[in-house]
Structures are given as structure tokens and as C-alpha cells.
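Both of the next two complexes hold subunit A, though its partner changes from subunit B to subunit C.
Here is the complex of A and B:
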């Protein structure tokens, strides 16, 4: 039997708990609203100062003086937010001011770990890493590189992007290691492409790395950054790498490099590689390189067992120059499958030309 | 006479920054946050130059440019397009539609001002 006083007490307690929760929620909302309003007011007050700061022709330190700590903090935040929006003098002026304010050192400190343990919460580490990248300050590369091994994948990705912004070539090995550790290959590729000058030596060495993703990223970046010194390494990768997608990337890279000396390796891949994707990339690259030797090599593609390779070879032949076009016209007269594809490619090209 | 410039961008920071630089050079600046607002301001204020962001809500910069070129009163208005790095393909379309110049974001305020002066000078010639 439940006593009536127990029920009354329980209900009273529940009522008090509800009232306290409600009061706390209202208080939180009021305080939050007050803070937001104060921040918005401070930001509005600091905007003229920020604009003078962004004005690369001015000497901002003399022209405005945010006096209170809160004002300087808001101005630092605004300056950091404007970094990705400007370049040239304005960017340099913002970075210089943030440096004198100690904001870049503070950001580097937030990214750091002590005894392997991150000392700042995730959002602060990510924001700090982003700021260092936007600032493009080469003196802070070590801090951003350290963030590549942060325990959070999100911070690792921000760090990789940041390193692409800082553009310091010395960060290439760390970026390649990040690809092996699971940072998306597309992010690492973009970051590596941002480095100047292109880290050709590190990328060539990475073509022999144990991790297939690293080899594939290296091949991709070498091709896109027009690193002709890597032609021999890429040709060897096409011939010998055990992983098909690495061979395919290397074959594509040779096409971007316009590597006439690699026609033999690409011809071999087109004729003998067991994976269709590799044969297709080899055909496309032979078309890009062009010339009589490439056209001769592409002829093998017209007899491939897979129709998409035959089509790729026919398209590549047409784009490979006069010798390839002549060969394609010869094939167009044939009654077999290669003839059908040759006719289709020629008809499509004629239609495109007429439309243009 | 003070020259009027219309700045159209959905990013208030960019609008404010460009307006600040233009006002330093004694331009009268009018602002719009999207394509539709831009067309209203263009009709009301009749500026001598428009800076148009490509990617905007409601109507894109390219659509606004098309509308400007279709209207006999604004077809010769000098226009500078503002485009993000990733949208540089839009530049070609902008030129096809009659844009006078373009600036890639992030931009240098100093470079922007020299482009504005150049386009204004060409417009006066």
C-alpha cells in the first residue's frame, strides 16, 4: 500500500525539479542571448578597425586602438575570419597583426600535444589548425605537420588542407604518410599540388612506398604537376606495380606529362595488362602523347576484347595526329567490330565539328 | 561628380570590404545581397559600374548580367565579375555575356581598385 503522503512528497519533488529545470533553461537562454547581443555589438564596434587593418596601404597599429581585452579578442576573431577572403597586401597586413597579437603562436600551442595527449578540445584544435593554414606562415609548419597525426580525423583533414595553403615543400613526406594513415587521398593530393616547388624527389620515392594509396597519390601528383623528371619512375610503375589502380594512375600521369619516351611502356600496358581500367588509361594517354609511334601502339587497342577499350583506342587514335587519323579511316572501311567503332568515332567527330 | 558603384555579393564581409575601399576613393557605393536586390538598386540608382558576384541566391551574377545586357538602358554599363577560384569556368560565360573584367576571390583590395579604375577609364573613353 502506498501512503498518500509519499505520493504528495514525490509529486512535490517532481514539481520542484521541473521548476528548477525550466528556470535553468530560461536563464541559459537569457544569458546566451545577452552574450550574443554583446558579441554582435562588439563586432559592429570593431568592424571599422578591421577594415583599416585589412587596408594594406595603411599602418593599422597607428590608426586604431582597441583598448579592452574583449575588443582585441573580437578583432582577432574577425581578422582570422577575413584571412580566406583576401590576398596580397591585405592578407599580409592581417597576418602581421595576428602575429604581433600572438594569435599564431597561441594557435600553434592549441595544436600541440603533451606526452601524446591533446591539450585543447577538438573544435579549438581544428580552428587553430585552420588559422595556421590560412595565415600561410612557414614558421608554423611544424605545428600543422604535428596536427596531421591528431587523434581526430577531422583535425587531420584540416591540417592536410592547411599544409596545401602554407605551400612549404618540406611537408610533403608528412602529407604522404597521412595518406597511408587514412586521410582521404583526394585531400592529400590537393595539398601536395599546392606545394611550391613540387616535391618531385619525395613523390618519386613515394612511387616505391609500401602503401598502394601513397603510390597512387604520388603518381597522380607527379602527372598533374608536370614533373617530367619522373617519367622513368612512372613508366616502371605502369610496368611493374602489383596494384591495378596504381598502374592506372601512373598510366594517366604519363599522358599528362606528354611523355613520348614512355610510349613503349604504355603500349605494353595496352596490349598486356590484365586489368581493363589500366588498358583504358594507357590508350587515353597514348592519344594525348600522339605521334606515329603512339598511333601504331593504339592499333592494338582496336582489337581488345572489351568494347570500351576499343572505343577509347579509336577516340585516342583520332586525337593522336595525322598518322592516327589515317589509321582510323583505314579501319572504318572494315566490316568487323573495330571498323564499327572507328566509323562511330569519326561520325561523332564530324557532327561535333559541324555543330561548332 | 561622384561616381556610383553597385557592389553585389551575398557575403557581407566582402561587400563591406569593397565598399570601404571604394569610399576611400570617393565613390558613392550602393550594396545588394542577391541578384534580385541588385536589379532593383540598378534601376533606382543607375550606377556607373557594377561589381557582381557570380554565385548568389535568387539570381546568379550571370543572370543579372544577362538582364543588364538585354535592357537598352544598361547594356553598356561596365561590369566586373567576382568569382571564386573554383568557378573560373564561369568567367568565359561572363565574357560571352559582356562582362568587362573579372576578379577571382580571394582578392587583393589594391588589385580590385586598379581594375575598377581601369574599367571606369575605359568606360569614359
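Here is the complex of A and C:
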């Protein structure tokens, strides 16, 4: 059916492909090995210079001073890599040296786009964005914020993480917009938690944003940054938001806030919300808030149709204080499912106590 | 005579067309995997994959370990799991009616005590649960002792039933996870909690590697060729197959040796099917079916970077049994979900992925066998030219070798677990060697699995455990 010549050509082509693939692996191993060895040697030579920089020397002194171009590059790389590992004066010293070396400007240039197009390759853009974040340089916030709209999701993620490092509150709206554009909510949440002071106004406004992810991020950050001023907004979100995972996040946030004034909203969610995840978060939060009212509300959870909620309510009762613990002991005598979970929770607590 | 020649020609054409389509699919998978490997590798440094470690709101993970007669490895395995880096997790060992000292080893090592843990009964199970124990030292360990129901899936279902965290990871009792494995495999759930339903990680053979305290200290090529070839098979399956299908949105296999799922969705569909031999593949296909029918927006993800090291069969006999079972399992999955085949309601899973598995993964061995028979018949009838057949066979072998060498190259360019020249060299040689003898034997085992399926017969031979000894 097929001419033997064609098959022979195909075989030759495959032979070439095999040789190229094999050569790629071998070359990579050889080159990579050589590069790694050279870099390790240079890094070892430059490490004393780095220590001098960390100690606050304006520039490396004496015999450690890098003279060749390659050595300076390695020292810059080393300094950049050490930024997340040092704090205070040492951090400032490294940032100051990188600035005088023009490394931060170069990084900003790599992140920058010309006519809307990023010129530098992806991994360089990512590294530059990361450096700007680790440097925590407020003057470069605009460049990092711009990277939030980079065409690569990987760079967007690095930019969000970087903004958390810069800690400039003015970047909050851009971060929330990034969450709406698809940057993972968890990354944006961690970045927003890094901002100081917490952008409470922006976050409260974001609880009314049209995008559900933005609302959930806002709820989460408000709770974990202990923004008590937002208790009312979060309670309303638990009661009225149409999206279950937003309600669940808001319920969890109220627990983080230790918001006693929100016990009513959480009790309502535990009793009436049709979604199990929301009821579970409400139970956990009631346990965190604690007190007699919370314990009374949690009793409803012990009769929930879902075993997960019964278990969460039992655990929450134990953690809610004397009233909850007493109620749990009462339930432990029962033969039904709530009794079984009460006994489980009490037994595990006794074991923990014995270990202590 | 002319009729026979015409038939042989038709087989020839069909065989060539089949090979062309299959090789085109492989080419697409190689291309996708190559780009993905480089992209993943480069973005990993700054992606903050391990940020989850410091996140108090990270979802908890229940690690379920079904164990049957695993006394040689179980303590080291549990110690290694308990040492994983993750903010919140528990280890649930389900002792599936072991007749050796599996439970006793655990009791001695962790000082297990009885605890009135509730079995909610949310997932149907067959074997009765006898007792549940917790670690006296406060380690997040639960050990369930249950009656053996002669089905691994039943043990995993019991683990799923008593799991308390929102994510469940299933691992084999002899599995060794890398310290950051949980952080990396949970990352897609953290990033996209509403849509991601399941995540699979890479599994690689540990045979021959240097192991220290339940961790692979230095990955090395095994000593026997049968194990070395399996290393190549695993690289090809995970670095090319799974990565490629995952990017195409068609991941239907998440290994039971290392797969993480959302617990609520698993409970909703009743967990694993204990009647199915390929229960891990069946679970993922059933999840696809359930979620498509419900109209959910969902994702399955494969992440190549976290690695789970596991023992692979060191002998031909055990390997043959294993592959027959896999073939039988695939028949079961495709038969059970035949309504999905070619059905546009199930999107690319129904129209592309399952037909691919039917035509190429399941029937591939039969086609290879038919091809060989046609060649012999052609020679006997004097219609096949030796040179032509030899060239064609060489093309097939070279393509097979190219796929394997590509997977070794991707490993070297991106993940670089094997650092010694010797191991890379062995990988290349094994890529060539497997095409002569092993590949044909493998096809034969798969055909026998198909025959088993028609007789509804299954056999199971346990992979012998050597224990996690240093420098094995």
C-alpha cells in the first residue's frame, strides 16, 4: 500500500528525531552540570561579599570585591535570593545595594510592557516581579500592579504575591480586580492579608461586588485580619448572599472575628441554610465565639441531617465553654447519632488532656 | 487466492491507518507535555506552591491508606506520612483483615488505644468494621480494623467514610511521598476550590533507589531490566500521557496509589465501586459522568511535580498478573460506562477520551497481534516482501523508542530526579530494549486480560514488599 521508499524515509526521519531527542538530553545534562558547577563555585567565592553587604557595607570591600562582570551578576543574584531570608537592617542593606546596582530598575523594565506587550520572556518577568516584591519597594508598586494584568497567569500570581510583600494598601483594589480576573483567590487573599494597614474600606465595599470570588476574598480577609468594623456587613452576607461559598466564607470570618453580636446570624445559618458547607462553617464559628448563647444555638447542629454538621457542632460545643461542655455531657448519654458524636468528642478530648 | 490477498491488503491499510492515528495522538501528547514540563518547572520557583503551609485556612486532608498484610512496610510508611509538611491532616490506616502483624506493628510503634470514633455510614461498605484506634501520643493517626471483603475498594471506602477533612488523599501502604507532596497536590484545590474535584500526582518506581527513614534519598535505576523498563513505562505514562490529557481536559485516570479528591463529591457518588477491578479509573470516569449529568463546572488536574515512590513488580509472573488485571479493569470501566462512549452529552470525555481508550489502549494489543498474524500469513502466501515488512517493523519500533526517549528527556530537562549519568544512560538503553520482547509480552498479557474479561475471571498477586531499608 505504501511505497518501501516512503517507509525508508519515515525511518530515516525517526532516526533523526531519536538522535535529536537523545542529544538534547545529553547536551542539557552536560551544559547544566557545567553551569551548576560554575555557578556554585562563583557563589562560594561571592558569599563573603554578600555577608559584607548584609552587614551594611555600602559596597563589598577588600579582596571580596567582585571585579568581573560575571561575578557582579552572581552577587546580584545571591543578594536577590537572600532577600526573603533576612529582615530589618540586613534587608534594607541588600535592597539599597541592589538599587545602586540598578537591579530594581532593570526588574521594573522587564515587567514593563511596550504598546501593551511584555517583551521579556516569561521566567524573567516572573523573576523580576518576584524581586520587586521581595525588595518591598513602594516606588515600584505601579510596575508590580501592572504585572497583575500580564498575559501569563504565572506572572499574575507572582505579582499578587509580590504585592503582599510590598504591603502598600493602595494596591488593594487592583488585587481584588485580579481575583475577579482569575488569579487564584487564595493567592489574592494572602496578598491582601499582607497589606498594612488592612484595607478595610475597600474590603467592605468588595462585599457588595458583582463577582462572587471577590466577595468571598473580601469576607475571608476581613475575618482573618480581625476587622471588627465589618461584623455587620459580614452578618448580612451570611444571611443574604446568593452564592453558598460566599456565605460560608462570611460565616467563617465571623468566627475569626470572635463576633458575639453575630451569634444570631450564625444560629440562623446553622438552622436554616440549605447548604451543608455553610451550616458547618456556622457551627465552627459559633464554637470559636463561645458562650451560653452560642452553645444554645449549637444544639440545633446536633440534630442536623448531615453527620459532618453533627460532628462539627459537637466539637464546637466542647470548645464553646462550660455551658457547651455541660450540654455535650448530657447528649453523651443518648443512644442516637448526636450521642455517639458527643462520646467521640469527649473521649478524644480526654485523651488529649491525658497527653498534656 | 485473490480474495485472501485483498483481505491481507485491507488489514495492511487498516493497520497503517490505525498506527498513523495513534502516533499522531502520541505526537500531540509529547508536544503538550514538553511545553508543560518546561512551563511548570520555570514557574515553580516563584509560584509559591508551598505558601499553603503557612495558611491556617488551608483545607484539611485525610490520607487514607488501605493495608492488607503490610507488616514489612507499614510503620515506616505511616511515619513518613506523618512527617509530611501540611498545616492540617490526618492519616487513616485501614487494616483490611490482615493475617500478618500489620496491626501489632502499628500498635507497638504508635501506642494505639481504642476510641469510640463514629462510622457515619455515608459510604456503603461490605466488610464490617471491628474497631477504631487512635495514637496515644496525639499523632493524627487513626487505625481501622475491618473484616476483609477481598476488595481493596472496600477498605478505601471505609477510610473515606471516617475521613473528617474536606480533601481525601488515597495512597498505597508502600508509598513514599516527597515531603512537600501534600502541599503541591493540594494547591489546585486551594487555588480553585469550587471547580477542582480531583488531582493526581506522579507515581514512580522506587525499586533500586536509596531509601533513608521512609524517604527516597537518591533515586536510582533498578538492577533488573524488568524493573528498569517499568521505570520508563511510568515516566511515559505520567510525564507524557497524564500531563497531555490533563491539559486537554481529558484526564480519566488518577492513580489509586496517589490521588486526591474532594470528599463531599466522593461521598455523593458512594465512593469506589468495590465490584470493579480498576476501581481508581472507574471512580474518575463515574465522577465525570455524574458531574456532566449534573451540569457542573469542574476540573481534574494532574501535577507532575509531587512524586509518590512505590514498589513495582520485580518478577515477570507478578508483572503479568498485574497487567492482566489492568486490562481486565479497563474492560470493566468501558463496559460499565458504555453509554458515555461517543455520546456528545459527555463532551470530550465521551467523544474523544473514552473512544481513545477503547480503540488504542484496550484493542491496541489485539491489533498488534492481528498485525503479526497478517505478516506471517503474508509471508506464507508470498504476498509480503521481507524488506518492506522489516522496514515497517523498524518504523514502529523506532517510534516506540522515540516516545520513551522523549519521556526520559523531559525528565532530564525539567524534573531531574535522576542525577547520575548511569541512570540516564540506563533509561535510554531501557527505552530501546523494551521494544524487543517486553513490548510483545506486554501485548500478550493485555490480550489475556481481555480473555479474562470475557470469562469474568480475575486473579490478584500481591507485589512482594521488600521493606524500606536503606540503600536497597
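The criterion applied here is as follows: the second predicted complex is superposed on the first by the 283 of 356 C-alpha atoms of A that agree within 3 Å, B and C clash if a C-alpha of one lies under 4 Å from a C-alpha of the other, contacts with A are read in each partner's own complex, and residues count from 1 in each chain.
One rule holds in what follows: contacts are C-beta pairs under 8 Å (C-beta built on N, C-alpha and C of every residue); 3 or more make two chains touch, one makes a residue touch a chain.
What you are looking at is a predicted structure, and each value in this text was computed from that prediction instead of being measured.
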Touching partner for A:51 - first (subunit B), second (subunit C), both, neither: first
Contacts of A:190 with subunit B and subunit C, given as first, second, both or neither: second
Subunit A: partner with more touched residues, subunit B or subunit C: C
Partner chain in contact with A:135 - subunit B first, subunit C second, else both or neither: neither
Partner chain in contact with A:15 - subunit B first, subunit C second, else both or neither: second
Contacts of A:85 with subunit B and subunit C, given as first, second, both or neither: first
Interface residues of subunit A shared between complexes with subunit B and subunit C: none
Contacting residues of subunit A [partner subunit C, same complex]: 1-2, 4, 7-8, 10-11, 14-15, 17-18, 21-22, 24-25, 28-29, 122-123, 126-127, 129-130, 154, 157-158, 161, 184-187, 189-190, 220, 224, 245, 252, 276-277, 307-308, 311, 337, 340-341, 343-344, 347-348, 351-352, 355
Subunit A-facing residues of subunit C, complex: 9, 12-13, 16, 39, 42-43, 45-48, 51-52, 55-57, 113, 115-118, 120-122, 134, 136-138, 164, 190-194, 264, 385, 387-388, 391-392, 394-395, 398-399, 401-402, 405-406, 408-409, 412-413, 421, 424, 428
Partner subunit B, residues of subunit A touching it in the complex: 47, 51, 54-57, 81-82, 84-91
Residues of subunit B touching subunit A in the complex: 11, 13-14, 16-17, 20-21, 24, 105-111
